[in-house]
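First the structure, which I've put down as structure tokens, then a few questions once you've had a look.
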Amino acid sequence: MSKIMTMREAVQEFVPDGVTLAIEGFTGLICFAAGHEIIRQGRRDLTLCRLTPDLLYDQMVAAGVARKLVFSYLGNPGVGSLYAIRRAVEKGIPHPLEIEEYTHFGMIGRYIAGAARLPFFPLRSHSGSDLPAHNSRLKWVQSPYEDGETIAVVPPLNPDVAIIHAPRCDQHGNTQLWGLLGMQKEAAFAAGKVIVVVEEIVDDSVIRSDPNRTLLPDLIVDAVVVEPFGAHPSYVQGYYDRDNPFYLDWGERSRDVEQTSQWLDEWVYSVPDRATYLKKLGEETLSRLRPGEALSQPVNYGQYT
Amino acid sequence: MSKYTASEMMIAVAARHLAGARTAFVGVGIPNIACNLAIRTGNPALALIYESGVYGAQPARLPLSIGDPTLVTGAVSVMPMADLFMYYLQGGLVDVAMLGAAQIDRFGNLNSTIIGADYNHPKTRLPGSGGACEISINARRILNITRLGARTFVEKVDFLTSPGFLAGRAERDRMGMPGEGPEAVITDKAVLDFDPHSGEMRLAALYPGVSVEEVQAGVGWPLLVAPALGEVEPPTAEELRIMRDELDPAGLYRG
Amino acid sequence: MSKYTASEMMIAVAARHLAGARTAFVGVGIPNIACNLAIRTGNPALALIYESGVYGAQPARLPLSIGDPTLVTGAVSVMPMADLFMYYLQGGLVDVAMLGAAQIDRFGNLNSTIIGADYNHPKTRLPGSGGACEISINARRILNITRLGARTFVEKVDFLTSPGFLAGRAERDRMGMPGEGPEAVITDKAVLDFDPHSGEMRLAALYPGVSVEEVQAGVGWPLLVAPALGEVEPPTAEELRIMRDELDPAGLYRG
Amino acid sequence: MSKIMTMREAVQEFVPDGVTLAIEGFTGLICFAAGHEIIRQGRRDLTLCRLTPDLLYDQMVAAGVARKLVFSYLGNPGVGSLYAIRRAVEKGIPHPLEIEEYTHFGMIGRYIAGAARLPFFPLRSHSGSDLPAHNSRLKWVQSPYEDGETIAVVPPLNPDVAIIHAPRCDQHGNTQLWGLLGMQKEAAFAAGKVIVVVEEIVDDSVIRSDPNRTLLPDLIVDAVVVEPFGAHPSYVQGYYDRDNPFYLDWGERSRDVEQTSQWLDEWVYSVPDRATYLKKLGEETLSRLRPGEALSQPVNYGQYT
């Protein structure tokens, strides 16, 4: 049975109400196509995990899909605040949002522990900070070696579902990433189910021509969705740039509840799918975002026969 | 029907044990050929994982070691060994692993470290664990591939390198290991399995023409016999053809 | 000599603090421009590290965020964030890190989490730590880049996100943190440093034309003054030329 | 000052008597050129660390350079025993060899802890094994989370020196690897000093055309040695194959002390440097080992201006 499905099918099958979901990707490769479809399908009570909630989770929180947020940096990168999340945290609008807060390294450590089935991951952080007083999941372990040092630990994070946007995979879901690698590998291995969303599906032989670039094996991939420009307004290295005016626009309009609703109506609810979204965005914008070419120089793996 | 060697029988039996598996953690030699036979005889989706960091290899020649460059070229994914041990093996993605050993005991514990009583002054120094200890703990199912012999099948291993059922299934269970422990020992004369309660090794099925006594002669303790002692089907003509013509034409491992 | 803005002064001062450094952990904006100024004015080998996983970036345009794709293309190395935090930052390879904050206190502790007394019902919810907490603990030296203001320079932070000297240098020392802690606070009116014994912040050097009282007005506790109060040299013509013509011609961060 | 030096200079400067040394690389990328130079310079009392000592450490132990061996698998891969190391362990020939033994995952965890300045690394191994009874560095830590699980830990390994063979680096030591990646990255970051030995030095622009492949930054590299075929009889993916007859030959001759000495005389002591070794090996052998071409398909990083 093929894993290739539409975004609508993938969200219907793998993202029911109440799940713990991680849509990862640091600054780039953020799958807005998936987030918008989750909003459209009216999901509720999700626990959303991400180092940097970014516009994506700001929009999802504004739309009321989230019960809880697990994160380490709540900013609109290079722009400012995430106003919808701030409204939920500061004023309970549209409804209260539980938060569970870590540092970046703490979130990464949680994914590593989750992916490697470790009971905890140790890291040099948290000492002297007020964070452990407000997050009882931050604990300490004493080293059994000579110095007997006490070190911070974080617990594993195993999302029910991870959604990973990537430039390309093969029909089986063997997925290659380049550019910023973030924590996608760790989040995907930690998750119960993985949806991979790609700019393009390529022949197996393309993947096999460079096995060192394959970070996610088909083994852990449950669904493959092909969604070109599916990470807009974030970016995909070599495919398109970040749409900064779009980020700035949300930064402005999201300050106001009414305008936030209008934005969601305009760009999510009244748009049935990503193809329509791209049409609305317009070819001029898409062209503006396409970068020039900077190809990697090939390496020889050698024929060993 | 052509005659076949004990190795060919072992390869065929191992391949049949891989029928339902999604992934196999393999070394070179018999395990490698058994996996490739399984792929060609009913489990085409079986994916091979090598501890060297290779997933989904498609070797253009018979690999001579688990780090052979032919395993890399054309593979699906090649990664740091840390990723392989952390996310594939410990992460629970290995369905079956095949292991050999210099000694195996009554409860499927393996020794690949030393022969002799004193670790610091061994009679024979063997290679050691490599990844075998963590494979035995984390892989879902373990198949042992070992020829019978009273020096190999010993009541108690000189050194416990890789845990089977330890002093019995209850002890392994108490330790909460992710893997289920040894499932079968594929020998040159019979297939052995483990009592579902005690975890003690027992004779499960004889190869054609082999007697219980012959098997017992190669085991250093009184071997239990399973209630329903079976007989293993010999390699089929098709299995032999694939092994001989396609997988190991030079007979490096079938001998 | 052309006039200059407070931001240009801050950039020039920060760049001078990077003179001997081998690596700098940077964000976008003033820190990024300061690093690039340092590279062009005497520390050509300074390597930039971004928490997004980039080492040795050579951006073709002014990056708008630490994850800007222009930082990736042409970089020396781009890696998983786990590698960056584990092997570069925690591994001790970061010489200097530049941090800002919504609040900084008497001992250089930083708050970027909440304004208000109650974490669960904050007056203002700020971004949180990101990597700042572990950067403060692990980077060898910390430079703070923060404009003076009594709401920013508070005697005690509402929330301690990233440790400076905690209740004093002795407390940080007791915790055995790998990094030496905050070295200087580069403000819009003066450079502050920390008493070598107590770890308390003090006025180290004034910008031209600024009085001690003006600095004190932007600090919410009685500010110590270093025994040898210095004056900071204004940006040189060459420093200004590089900032204006090469690094930030649009004036995004110099204003 | 350039980091580029000859192997003789690099060994003289960075590998004094008594250091803890890791020459890593799993099956491939094993730097025999470095090991042979260390033997020629008569080093003594080294602590040699490697997951798989392989022929390289077998030869170094036979030559008497090692006081101690830290390892996880003592085999001649695909061939059989390492007889010189066995003689040292079993019979103290040429002199007794202290051993400190781990599993593969344990050694990897030790390098990770060393590279990340962690006091220990946790892993699911060792339970039920006799190894902890013979290596007091294998310890246990209890998880501070709900299940209170006890997990195995290993201590950090920080070699004084790591020697890493790689296909290519730039003049600064920024090093790219492909094919099997082993534990080289972790070993290099864990080491006090790093010598990189490459098949070729390439222009900075080659490295920068594919930054995801750069595993070792110049920051941690102290010396660069250019030594084509420097990993023979092991291999470099895409450059040459493993010389199996050479492995088999050592497997035979090393069974006997006298023949082992003769081998060392012939291939190490009477050969002043790698260039002479390759001449002795002969162009016919080198040709036989060169693989056909299997190039990676390029990826686009994009021009973002």
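By written order: A, B, C and D. Residues from 1 in each chain.
The definition used in the following text is that a residue touches a chain if its C-beta (ideal position, glycine included) is under 8 Å from a C-beta of that chain, and two chains touch if they have at least 3 such contacts.
Keep in mind it's a predicted model, so treat the numbers as computed, not measured.
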Problem set entry | Minimum number of chain-to-chain touching steps separating chain B from chain C | 2
Exercise. Count the touching C-beta pairs: is C-D or B-D ahead?
Worked result: B-D
Exercise. In whole angstrom, what separates the CA-based centres of chain A and chain B?
Worked result: 40
Problem set entry | Chain centre separation (chain B, chain D; CA means) in Å | 29
Exercise. How many angstrom lie between the CA centroids of chain A and chain D, rounded to a whole number?
Worked result: 37
For this session: Would you mind listing the residues of chain B that make contact with two or more other chains?
Result: 54, 68-69, 72-74, 78-79, 90, 178
Exercise. Which chain A residues sit where two or more other chains touch them?
Worked result: 112, 117-118, 123-124, 149, 178-179, 181, 185-186, 209, 212, 237, 241, 291, 294, 301-305
Exercise. Between which chains is there touch?
Worked result: A-B, A-C, A-D, B-D, C-D
For this session: Using the touch rule from the top, collect the residues of chain A that touch chain C in their complex.
Result: 26-28, 51-52, 71-75, 77-78, 81, 85-86, 89-90, 101-105, 108, 112, 123-131, 134, 149, 178-183, 185-186, 235, 237, 241-242, 244, 291, 294
For this session: State the interface residues of chain A toward chain B in the complex, per the touch definition above.
Result: 112, 115-118, 174, 185-186, 189, 207-209, 211-212, 214-215, 217-220, 301-305
For this session: Show which residues of chain B lie in contact with chain D when the two form their complex.
Result: 28, 51-54, 64-69, 72-74, 78-82, 85, 89-90, 109, 113, 119-134, 137-138, 159-163, 166, 171-172, 175-178
Problem set entry | For the chain A and chain D complex, residues of the former touching the latter | 117-124, 139-141, 143-145, 147, 149, 151, 153, 155, 167, 176, 178-179, 181, 206, 209-210, 212-213, 237-239, 241, 291-305
For this session: Flag every residue of chain B that touches chain A in the complex, lowest number first.
Result: 22-23, 47, 54-56, 58-61, 68-70, 72-79, 83, 86-87, 90-93, 178
